[in-house]
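For reference, the structure is listed below as structure tokens.
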Amino acid sequence: MSTFTWTRRKRALGRFWEDFRKQRGGLAGLVILVVAVTLAVVAPLFIDQGVTSVVENTGPRWSPPSLDYPFGTDESGRSILLMVWWGSRTSLLIGFLAALLTVGIGTVLGIAAGHFRGWIGAVIMRVTDWFLVLPSLVTALVLAAILGGSTFTIIMAIGVTSWPSTARLIRAQTLAVEARPYIERSKALGGGHWHITTRHVLPNVAPLLLASTTLQVASAIVTESTLAFLGVTANKTSWGTMLRGSYDWNAASYGAWWYILIPGLCILAVVMAFTLCGRALETVLNPRLRKAGA
Amino acid sequence: MSLLELDDVSVTYRIAEGEVPAVRGVSLTLGSGAALGVAGESGSGKSTLAMALLRLLPRDARVTGRILLDGEDVLTMKWGRLRAVRWAQASIVFQGAQHGLNPVHRIGDQIAEPLLVHNLAKPGEAGKRVAELLEQVGLPAWRARSYPHELSGGQRQRVMIAMALACSPRLIIADEPTTALDVMVQAQVLTLIKELVAEHDISLVMISHDLSVLADVCDRLAVMYAGRVVEQGPSREVFHDPRHPYSQALAAAFPTVGDPASRLAPKGLGGDPPDPMDLPTGCSFHPRCPVALEECPTLDVELWPAGDRRAAACVHVRDHGRDRVQEKA
Amino acid sequence: MTETQAPAEEVTTARRTLLEARDLHVEFASRGRRARAVDGVNLAVGEGEIVALVGESGCGKTTLARTLLGLEKPTSGTVRYGGEPLRYASRALKDYRRQVQLVLQDPMGSLNPRQTVYEAVAEGPRIHGLPDEADVVNNALARAGLRPPERFLLRYPHELSGGQRQRVVIAGALALDPKVLIADEPVASLDASVRGEILALMLRLRDELGLSALVVTHDLGLAWNIADRVAVMYLGRIVESGPVEQVLTAPRHPYTQALLSVLPESPERVVLTGEPPDPTRIPGGCRFHARCQVLASGKAAEAGVDARCRGELLEILPASAGAQAACYYADATG
């Protein structure tokens, strides 16, 4: 039985892949992501924290890209290439975890607000609206400043401020699913709140969640960079802190364009890759959502 | 002379998995001022046929044969001519009156739209014509200022009919015009359609799954199954004395209240409507047929004469001619 | 429509009442007004009995069905099952679900598109933690006429025909081994040729399992096809009820008469004007008087009841098995 179910799932996955492959942008994004994530994961096999140390690096300062330093060096003679490589770990980690937190909070509150129609839903929505109108960057800055700088704080600061839009999205989808007769049937069969939300609502909002998570990662990476640029950092090298460094050390006046451009391009490439993937997922999954709803 | 003539019309949809024959060689004629009912279930091709009449099908549908409207072939018409024919000569009333109207425009403006598009009325005069049309369908003229959500389902269906009447067409195609309506409202709308057809000399093609409704409104009936007409004839006769076993099942599906034969004995047909991608060989109906013979799976059925102006595509009709097909066991 | 068959007494043999509505009222807030969707209903469904609840859309029949299922709480009055009033604590309600089950109109919508037939039928047994889930599912599918069950277990709803889907929904209800099925327009969205099969299935379930059913419908032909008793509902109240043979061949309430008269084939049509009125504004007197053809024709005045029709509230019909109509004119003329 379960093997049959498994074959069916596999076939469905195959169909999904067929559709996704037709989305050229999404495919390009996926390739960039796979490369970026693989590099970040295997980085410790080749380099370590040392590449970011001012003490250990004794290369030439402000060296333009050369054979020895393909992306040039910074004010302390550190290799931009190695720093960008090492920094990708922090940037991607914060991006992923913050997005998971965002989507996690957003999903729970969104489903709750959509499922419990009465005063509970109303209260959740008021809270959501309140968070929605808060200037999220400022809030994140304040939060991070109060909690002190660490990876955890940055993730919390991003997660706590960016969930409301996900919550709204999930609530809307939950309302649509809950209007379907099979929810009524499930209630009549004796299904409680937990049963209905986990067995019926969640699987039906899942595709939407996948697409939304992907887009959230991109926005979390940007937020992290922004926070770092504004001075709120996890005290670890990330693409954002590198940009901040280039600004602090007046890279522009030294003509060290590589110091600014390389981390910037990295952010751009990864964010764009996530966005492309997210959009492609939306296109592929949405018609199926509509079909499933009909 | 006949207003509408269908000659060997076939419609095939091309989809990723292959070709789906939705309508297979249908020939029908409709006289001026007459009403023809097309009955069948979902997948029988009846709605596809209705859409084909005005070339309203999506691009992936290929239509062959000839559809003559007033002697002119709809299928070979130029685009501009076709636009003029839609509305002005023939218009269509869809099922589901909820979605047929634009919620942000007033009723009156929506009815006047085709009039203005086809230059049949000047903007100043359109209001008068709209009031006339609303009156024809039994709505007060002030309703022109209402929005669709302010109307009930029955009233919206009346507005749809008024829209179809706007350009004084000679043919109205009604696709399940009463399906979503209550019995009482359905009766009102059917009465309205019957009156309009009689008073304005409009021809009607009405599509429904409910044989009793069609028999009530139309002069002639065509019963479709798996893309083909399996029986046609005068509606009363087809309804009360169907010759094709499928028509018999369809007629029995809506019992007459008070008829002891159907009391506590609902009649249905085993099996399911066929998959158009995978039609049974021979007579498409044979897997579900209660009186199928050995030869049915290989037999090429055609419409055999079954009485005065009647025909049915059943081997029993061929063999017994005008005699009645044996009651199913 | 003139011939009357089997004497009514045969059908009204005392059945033990299983499910009952007593003086049931359900109100909603609707655009700032109170809508009295169900406005005083007494109705009983006996053991092994099929009752048809007939009315136009907006008459409150679906609300009544949902309230009987415990999906809606009555504003006043009680739902009783097996002589006990229904309790709305979640545990009690969950137990009640094993006794009374639901079949909805649209079988496509009633099934989660992401669940296989097996998962859909197993949903009830899983919720209630029944043992031998696979056997229960197979049995339920076989009883609902999907044989052999194995052929259907792993299919998704969109791979089934309309009739098969409705059988899956029925199997899902049967998996809990209920005593009563409440079916809301069970065949309205099915193809004509499949319709009879589903109705025949409901009759067979009654014969084989002793299942009672309340069938909510707008279709009098359906009531004629399968029901023992029929209750006609108008604007939140039952206006006529009794054995099908009696009510549908010799209707006494003008509303029932009108409903029957608009069926195709009937000799004389009484097409009521206007739409069914608004449950937020229930007229005084007899609630049907504004549309009543008997009152309009002056026959009520001849019988001397027209003043009562317009001004005097009618008694609520009791949940009796015999034929009865809530109409002054019918009472006056016998």
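We call the chains A, B and C, going by the order they appear; numbering starts again at 1 in every chain.
Just so it is clear, a residue touches a chain if its C-beta (ideal position, glycine included) is under 8 Å from a C-beta of that chain, and two chains touch if they have at least 3 such contacts.
In UniProt terms the chains read A = ABC transporter permease; B, C = ABC transporter ATP-binding protein.
In this text the structure is predicted, and so the values were computed from the model without any measurement.
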Touch-based graph of the chains, sorted into line, ring, star, complete or other: line
Chain pair, B-C or A-C, that carries the greater number of C-beta contacts: B-C
Distance from chain C to chain A (ABC transporter permease) - Cα centre to Cα centre, in angstrom: 52
Inter-centroid spacing, chain C versus chain B (mean Cα positions, whole Å): 31
Touch list for chain C against partner chain B, complex: 1-3, 5, 56-57, 161-164, 191-200, 203, 218-221, 224-226, 244-245, 248-249, 258-260, 262-265, 269, 271-273, 275-276
Chain C residues within the chain A (ABC transporter permease) interface of the complex: 69, 71, 90, 93-94, 97-98, 101-102, 104-106, 108-114, 116, 118, 123-124, 127-128, 134, 153-154, 158, 169, 172-173, 176
Complex contacts: residues of chain A (ABC transporter permease) adjacent to chain C: 1, 4-5, 8, 180-182, 184-192, 195, 199-200, 203-204, 291-294
Parts of chain B lying in touch with chain C, wherever the complex brings them together: 41-42, 152-155, 182-188, 191, 209-213, 215-216, 246, 249-250, 252-260, 262-270, 272-273, 288
